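Take a look at the structures below.
Here come two complexes built around chain A, the first alongside chain B, the second alongside chain C.
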Partner chain A sequence: MALNVLEHVLVPKHEILSEEEKKRLLETLNISEKQLPKILLNDPVVKALGAKEGDVIKITRKSPTAGKSFYYRLVVKS
Partner chain B sequence: MIESIEFRLLSPEMIKKLAVVEITKPELYDIDGFPVEGGIMDPRLGVIDPGLRCRTCGARAGECPGHFGYIELVRPVIHVLHAKLIFNLLKTFCSSCGRYLGEDGKKKCPHCGEEQKKIKFEKPFTFREDGKNLTPVEIRERLEKIPDEDLEKIGFKGGRPEWLVLTVLPVPPVTMRPSITLESGDRSEDDLTHKLADIIKINQHLKDNIIIGAPDFIIDDLWELLQYHVATYFDNELAGVPQARHRSGRPLKTLSQRLKTKEGRFRHNLAGKRVNFSARTVISPDPFISINEVGVPVVIAKELTVPETVRKDNIEELKKLVRNADEWPGANYIIRPDGRRKRITKENAEEIAEEISEGYVVERHLLNGDVVLFNRQPSLHRMSMMAHRVRVTPWRTFTLNLCTTPPYNADFDGDEMNLHVPQSIEARTEAELLMEVQRHIRSPRFGGPIIGCKQDHISGNYLLTRKETRLTRSEAFELLCSIGVVPEIKKEKLSGKEVFSYILPEGLNIEFRAKACRGCRKCKKENCEYDCYVVIKNGKLKTGVIDAKAIGGESGRLIDSIEKNFGTEEAHRFIDRVSQLGILYLQKRGFTIGLDDFEISEDARKKISRHIESAKQEVKKLIEKYEKGEIEILPGLTEKQSLEMHILNTLKRVLDVSGEIVAADLPENEAVIMARSGARGGIVQLVQISGCVGQMTVFGERVHRGYRNRTLSHFRPGELSAEAHGFVTNSYKTGENIFEFFFDAMSGREGLMDKSLRTKHSGYMERRLMNALQDLRLEYDMTVRDNRKIIIQFLAGEDGIDPSKSDWGKLDVRMIAKNVVG
Partner chain C sequence: MELPESIKKEVEAVCREMKLTESQKKKVYERVKEVYRKSMFEPGEAIGVVAAQSISEPATQMTMRTYHAAGAAQIQVTLGLPRLMEIFDARRTPSTPTMTIYLKKEYNNPEGAKKIVSLIRETRIEDLTSEVQVDVLNGKIEIILDPEKLSEAGLTSKDLAKILKEGKLSVRASEKKLSVSVETDELSELQRVKTKVLSTVVRGIKGVKQAVVSKKDGEWVINTLGSNLSKVMEIEGVDPTRTVSNDIHEVAKVLGIEAARSLIVQEASKTLEEQGLDVDIRHLLLVADTMTVDGVVKPIGRYGVAGAKGSVLARANFEETIKHLTQAAVSGEVDRLESIVENVMINQVVPIGTGMFELIFKPPRGKK
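Up next is the complex of A and B:
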């Protein structure tokens, strides 16, 4: 396919967190992996990024009030 | 403890196992009035008459939960509520070998090669294959053939599919369908009992006919009838099925009807709870009580109680209350340390007062200053339920301050409100800390004050703070003292602004443009000739007039600033004082409007009619242009639509220009004062009364509905002129002509329709939202999580800002900096 979803204007920035970053995130929030919001493995963005099951994806969104806002989603199999 | 519940299908064996008796007779009672054994009211099904004992379990009425019976159906019938599922099963499994046909339901069975015929489902319980009816017997046979492994493949859980076709029907216990004995001694049976009697009658009839070997068509008819009765027993509101009716013609309330809808078991009995210690009456206004107070009628105060534990420090007071008994302020009950309650009456009051000591609980009447919750439905808001302080009144209505009207969306045309009395110290404290009215001055909807002044409060303060207002020393004293400010006044004459400054907190600095600002091209600020630039320095009103922009609800900059810089208590005090100041000044001055206030000069009238005439000419020109095809086409619109757009804009402008003319012409009378200060009404209303009502619209367009190609038969077909499409030249004062009146009514009705349809819609949307979001919670770490503690948002609202503590939804960094730096 010619289209790269990651470059689309309406798709916010997605990136895969490293193991280290993931550990730190779970520690600061004091949660287990299961408590993160989820994203399907067959989601177009996940495919484009090449993320694996168990990866955490960091999404940087633009917000009219906060400037930038961060969101984290765990890649899961359906 | 219950850990989980599983919903499954009932197997025929299970139904029989659960039952204590087989029901075979349709009769309820014998000649002597005793229930028939084997009838639907069989004594073994449970007891409902007090005094008797259950034949099955031996318990008394109320203790015996009732016991099921069963009916053996001679021929199986479809369970209507599962008909759709049965249809899906028939489609996905082979009609011959019962094996799974595969993902997309193949034409030919991959296991036995059988050709699959097309099955059609006719609601509510008929299945056809090749135009032939499938009987429940055939369906059941097919479902029986489906192997368990194949069912697992498609995720079918909860039992065997053939159980979806009923061969045995459970008969619910009599406790579920009690009969009522009327005054005349006749018995009136429950709807379910009637329905069950029908089923048994037909079942018996069918059995007899089969035994005597009646022709097929008779048996089929009876079978169909049995199917009908069983179907309506489950749901009497099935599409395409005539409702089973009572003798009186009332449709029977069967199983589904008991559970469904707002009046059903779930929403009415299980989700809906009734509370004690609550009251409801009509509300009326009282501008002289504080915004966080509520006037409670004595009759109500005597009925609602607060439990108070007797302590060393309150025993004397409580004894006094006990002695008063039912005389307010008194008490209704005492609870002894062993938990026994005793009613206090006039007779035993003295005795009880002597008896009480530490550890007793006295249920005393509501007293002034008690914290109560006050609520008006629909509760769409958190501000729809706020905590108020009680003020007991001799009247018969709840009274509340006018300023607290907007958060409840209340008015006094007959509205009723509810009051709840928190019973524990914890509840009272929580209500006080989180729910009191002054904590909700700023709305989380837009980050501005929602509680503010209205109507006369605004007119009054506007008049008081005008440049020319002068008061004598004694007048100022009287005004300020009656709102609870004792001023130190040395001057003999005071300006209105000086008087107003007495209620401003010291150290308040703010500048803004008033509502009355005319939007001059170059703002002269402090030197505004209309006195519309408000400057407050160190709590003194220097210039500018106080109006809706300063103290009004939803806009009040002054209230906003005071709340932010001096806290909720100061804002609370300020609102109480300004509103009363406005009313009292208005009372002193007098304020009234009449028809004369809308009288405009001959000159202005001429100007307006000249203007209307020119607008009509312009419309004519536009129409000519259109007919010649020279109309300027707007992007995305057809020629016709462009013309309509041009005409609408031209005619709408009439109102604006007339507004300017009227505003310039009318002297500053009461009506104009109200419009200018934002107390009530606007320039538009003034113009419509005295100048010209203007263009009427329906669905945002000129009026087009009515006859073919014209609005009324009095116009030529296809006429495009202003008059023929709802332009009203007259004013409300001169009076509309018949056509104009009709168009005005059309436009008016649209407004009413919109409103009623919108409320219905938004009510349902609210319900859906509440059900979806009810367990989301803002945690202490600023994340939003649900009840499983799964994260929904990592930072509440993406920015972590509480809108009810923000500046209209944002953080105003510049203002914070200014306050810090000075």
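Up next is the complex of A and C:
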């Protein structure tokens, strides 16, 4: 397709967290990775990033109330 | 604790305006942090219920007003309560799928927009004909073409014949006429072929029934009725990074779950705003987040969020009571009474607010 999905206006910034960042995140939130929101392995954005199953994706959203907000999703098989 | 960006910006702006010194600024930050912390929801607050009420109450107002706003838009779009229900129920296909297409710089003029409209608007053979004759005796369908419309679409009768031949029909084309011969003497078969020929799409994108060009903020924008995002994005001259559809499932498929979430928020707040209702966007953010936690768009309701509740009693309380109770009885399901509704049902303390916490008392050892 002519479009890189990551550049679309509706798509916020997605980044893959490194193992270390992932560990730190789960520690600060005091949860296991299964408690994170999910994103499917066949999601167009996941494909574009080349993320693997079990990766955590950090999403930087533009929030109308907070300016910028962070969200995390775990890549899972559909 | 970290302050959100927008508050930080505001504080910075105020500090600059008041010309505060560094130490004063520090004090301001401390005070702002304290106020911010106090204004946050406390653990155990039932934000879901608050969101539900905050959206439903104005929505009841909307029922009474909805149909009065009709006729204002160029393309008839579903508005008001029906649209709001469509969004939260995550319907497979919205009743009026529309796209808003933005154009690249080179095409950002009336001529360019018109050219793209002709590429995306679905053109069928029946749109180009002036008359159709069915010759029952010889098994022939004669289609007399309108030369004006034909040249407008930039097609010739030969092009049409070529497309029809791909559909395994024997076609003879002259300049203004197409004749399709069918080897049958049954009238019904002839009629069937006729409708098939006339509804053949010769130009444009399937599903796009209407396309209207309009000027928005000094830019030429195409609004369509009917949606087919992935096809439109491939067209030369369309700006794919800004082109959007209002079909949540389609957006989720083409652009991913996060885009679908943004679209749910955008569409819901737009619908409410159009009706002159003021719902705090945070309620909509919560609903959109709940609908997309699992990576797929789930409707609010018995097949989605409410149907996925862990507790049998909570599900039975919502809809289809008997179905849930019998199923739970057959499979030996256990209800751990961890959520709200089931505790209301058995008259226990609800795990909301202070009820969420339990006391553990460790008596001091050794001393008397």
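The rule we apply is simple: the second predicted complex is superposed on the first by the 78 of 78 C-alpha atoms of A that agree within 3 Å, B and C clash if a C-alpha of one lies under 4 Å from a C-alpha of the other, contacts with A are read in each partner's own complex, and residues count from 1 in each chain.
The rule is short, and it goes like this: a contact is a pair of C-beta atoms (placed from the backbone, for glycine too) under 8 Å apart; a residue touches a chain by one contact, two chains touch by 3 or more.
These numbers were taken from a predicted model, which means no experiment stands behind them.
Using the contact criterion defined above for the overlaid structures, shared-chain residue A:Val76 touches chain C, although it does not reach chain B. In the superposition on chain A, A:Pro37 makes contact with both chain B and chain C. Looking at the superposition, the partner that touches the larger set of chain A residues, chain B or chain C, turns out to be C. Of the two partner chains placed by superposition, only chain B is touched by A:Leu29; chain C is not.
In the superposition on chain A, contact of A:Val56 is made with neither chain B nor chain C.
Contacts of A:Val9 after superposition on the shared chain: chain C is touched, whereas chain B is not.
Shared contact residues of chain A, touching chain B in one structure and chain C in the other: 37, 61, 63, 65-66, 69.
Residues 4-9, 230, 233-234, 240-242, 244, 251, 253-259, 262-263, 266, 281-282, 285, 289, 292-296 of chain C touch chain A in their complex. Those residues of chain B whose C-beta lies close enough to touch chain A in the complex are 781, 783, 785, 788-795, 797-801, 809-810.
Residue ranges on chain A touching chain B, taken from their complex, read 29-31, 34-37, 61, 63, 65-66, 69-72. Of all residues in chain A, those touching chain C in their complex are 1-3, 5, 7-12, 14, 37-40, 43-46, 59, 61, 63-69, 73, 76, 78.
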